[in-house]
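In what comes next, subunit A is part of two complexes: it sits with subunit B in the first one and with subunit C in the second one.
Coming up: the complex of A and B.
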């Protein structure tokens, strides 16, 4: 199997601060990392390769500093990395990004070989749109499934499991296909010494600019992005009262909750309104 | 993946100032070098005070003054002794700076980039779990998870927290209460543009180093520091680890050593310096307290040399730490010794001990021996509490008088008496301190 996995080079949002006065994100000096949910996708792809053979290619559309991110996933065991980088790609929304990624996958098929599966993380920590997988699939005309937790190739098809809140669904996908892997569904493997040495010595990295991809500049970057970010706001956390009670039984718990709610002026008013005459 | 060459001439563990220098100089001499660092990117795990002496580094890193990310050249030294409500400050300004301030992560990254230019294979995000030894105990490589890489010689540059040497049985496990180890905690405050110059009376590019002793460490042996960078100031303390643990257990410190940093940051005498600033960084790191006591039995074994903090090659004067230049210098010496051992026929202990001799003949060892006496000072609690108060008492007797001014001798005598000390032994101790410093 040849699996392509998309990764995003994102600012470590845990270190990003929000300036409520100007409504902007303070990203200065914040180190970038590979989107953690994408590492889950990388792990998913590596498990498939380890079991069924083939190769895993990581791709990212990003500034050149993202080579560090590709080195990281090659350190995990990815076979090679492709960096798609060009000034004209800058300022892209998800539509323009997926357009470029879909065309890069086409180019991989032309120049490296047939692609069986494209894998993405569930979403990114810096924007949480979860668009890229779906949009890439639709540019390519491939079937797409999200929240995927398991996959197994059987007779040229892919048996895929996805886990929703209340059920597990099993699908049979025609290949090639695109899947987005459920976040936290597996633990990404650590970087290994031998793989890192390989990343440094063999440099299994390809860099493509728009010279190689040859895409219409009106469809990529800022120009190809219809999305407008009107405003970013900050929702401060509302402080809540916390109490821990260890009930002896279900009845006891219900009793305690009711008692606590009735003791609170606001809550008891709402409760009386809902329950009306039954109180 | 079997084709990956995992054999090198030299493997260096730890990309700090010591490891980067060893790797750089070994590669320069034509060896195939692997440099392994557990942090993400070079320098990411570094934390120190802020000032580096440039003299030795000129030999190690040609071009450092032009190329390295230097912030300010130190032209003013201050020393403050803090009491309860009193402060005595000594300040000294000079025109030929010998040290600069820099962010150690940036400087280390620069050093590692120099090493990579020389052909060093630098690998980050990989923790070395142990040294690999053959049947006769010779070090032949390193192990990390399932992988092993081999080399003719391994340079241990893992820093003060030397788990590899502990695991190899070369040094004892660290005992937090008894080890000659200090804990450094610091905050970095970002100031409005021009504020550092205005508030501290500095010109563009000029820096200041400020050491703080007295009650700010709440009786724990150690001291505080303030260093100036481009548009930030570092404020921190370095305190004896064992005494700090005791202080937390005894409730002298509410939470941890970071209380002490806060007490300097909020001190009325200092806080005006960083008015309108933001805390942009916070961190803690161990450091060696008394280098000679921390030194392993040997600095070279079969297939192994030990450099930098891991070798105890660091000067901690209780109030200031000097390690970056010594670490880098020892790394350079190790590379020279490796080249010599290579010419002598191999990396056995006998050949590699040239390194030990080189260190002993260098300024590093001479400095460590010269300042050896300082070690008792770091254990002497009185020096950090009552002596500070006695000094402040002398100044108070001298200056804070409404009618009658005492002679200097009267002021000294009165202050010592109220400090509960006897005059003669005290003078003896003070002389000893002065001699050591």
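Coming up: the complex of A and C.
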């Protein structure tokens, strides 16, 4: 099987800054990592390859610094990495991002070989939209499923299991297909230096800009994005009483909590009901 | 974009549309064998708000087989019209098939806004609808607004850690699509007397699925889901382990509530993922939320914005939770919770006795 896995290079911090003029994310000075949920997707792809043969290709649309992220997953055992990078791709929303990813997958099919499966993480930690998998499937016209926990190729099809809120479902997908992997479904394997060295010797990383992809600039980046961030505001604070107590003992604390709740206009009714007396 | 479309400037993969021709706010309802999802009914609340700001109406959309009977439910909750595609070919849910059906309806009726509850199926299907229509989609909205000048609908979501809100517009494309997580909005009041129109649509072409559902197994969920609980005792990293959670469980039982926790508690394996509160967990609205050993990160607190009263127990006086709680106790929970349990037990006991006496 040839499996393509999409990874995103995301800021590893909750302190993300914005350009208030363009509403876009300022990444400078913020250390980045591979989106943790994508490492789970990489593990899922590697398990398939280890069991059934073939190769795993990681792709990412990102600034050049994301080569580090590709090196990381190559260290886990991914066979090759493709960085898709170009200034015209900047500022893309999920529609424009998936457009580029889908075309990169098409290019892989033309130049490297038939792709059986495209694998994505459940969502990213910086935007957590969970859009890219479905949107890439839509551009490619491939069937897809989210929250996948297991997969097994059988007779040219893929049997997948996935868990929703209240059910476990098993599907048979025609290939090629797209799956997004459930984020807690497995533990990513560690990076091994030997993998990094072998990959460096054998197949260097590939970099594609829009020169190679040849996409209409109106369909990519900010221009290819139907959504526009009009402004950024702060989340309004919820008003709270903020009464703070430093008790002398646990007993003291327990009494204070109970007394406070019994006197609280929102909590007292339910607490009295719980305590059993309709006082 | 009030001067009409200039499609030459737009991606040629997008069909040329005039945004001004699009009207109405749609809610795509999710139905399974247990009926219509509460999360879908919750979407009627923002839909009604947007529609009234625009002076337009709300349409419910039902896609599936045997789904027409839920039309009244949508009308009773505020829909003026329900569009139904009820077809045996849609008896099984496949995200791409359902999405294409919804997209074809949106093209036919030219809807302005489509809202979908961000249940797991909703999160899976909504971006495919958007992509089929080559339009914008905003995930996990927490609010919606209408620009009074341009009449554009603004979708508001907290990206990058719940501290900030992005206000997102879709100037050139329609419909605009938005999702919201379950429990972010309440179900609007049910009014049996409401009347609405039911429009049945027969589609000749329904795409054939390239997938086949092989089997379904329901997961028995015996406990009260945290989003339904009136009292939540929530534990974080500071609880330290499963032993501590047993203590929280006892407290929760006494209070008729349930135990939930932070992501760190879930990541540590002390709690199952469906008990996680927060931006990537669940939004809860208990009357009383007791946060034990939780620092109060923005992503966590995002899930308890609607809580009635927040009690915090934390050893660190500088923990951010104290700036976001109603009653904060600076103490080790291992000293406080056992005493609280004793106190509640004796209070319950004495109330029972005094009730017997009357």
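The working rule: the second predicted complex is superposed on the first by the 211 of 279 C-alpha atoms of A that agree within 3 Å, B and C clash if a C-alpha of one lies under 4 Å from a C-alpha of the other, contacts with A are read in each partner's own complex, and residues count from 1 in each chain.
Here, a residue touches a chain if its C-beta (ideal position, glycine included) is under 8 Å from a C-beta of that chain, and two chains touch if they have at least 3 such contacts.
Note that the structure is a prediction, hence the values are computed from the model and not measured.
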Subunit B versus subunit C as contact partner of A:276, first or second or both or neither: second
Dominant contact partner of subunit A by residue count, subunit C or subunit B: C
Which of subunit B and subunit C A:200 touches, first, second, both or neither: first
Which of subunit B and subunit C A:95 touches, first, second, both or neither: second
Which of subunit B and subunit C A:191 touches, first, second, both or neither: first
Partner chain(s) touched by A:72 [first = subunit B, second = subunit C, both, neither]: first
Residue numbers on subunit C that touch subunit A, as the complex places them: 9-14, 94-96, 99, 119-121, 123-128, 130-132, 134-140, 154, 158-173, 209-219, 221, 230-231, 254-256, 273-274, 279-280, 287-288, 297-299, 302, 305, 308-311, 313, 317, 322-332, 335-336, 338-340, 342-344, 347-348, 351-352, 354-355
Of subunit A, residues touching subunit C in the complex: 11, 14, 16, 18, 23, 25, 93-95, 98-99, 123, 126-135, 137-139, 142-147, 159, 163-174, 177, 184, 216, 218-219, 223-235, 237-238, 240-247, 249-251, 253-258, 260-261, 264, 266-267, 270-271, 274-277
For the subunit A and subunit B complex, residues of the former touching the latter: 29, 31, 68, 72, 75, 190-198, 200-202
Footprint of subunit A on subunit B - complex, ascending: 1, 4-6, 34, 36, 40-41, 121-126, 144-147, 149, 280
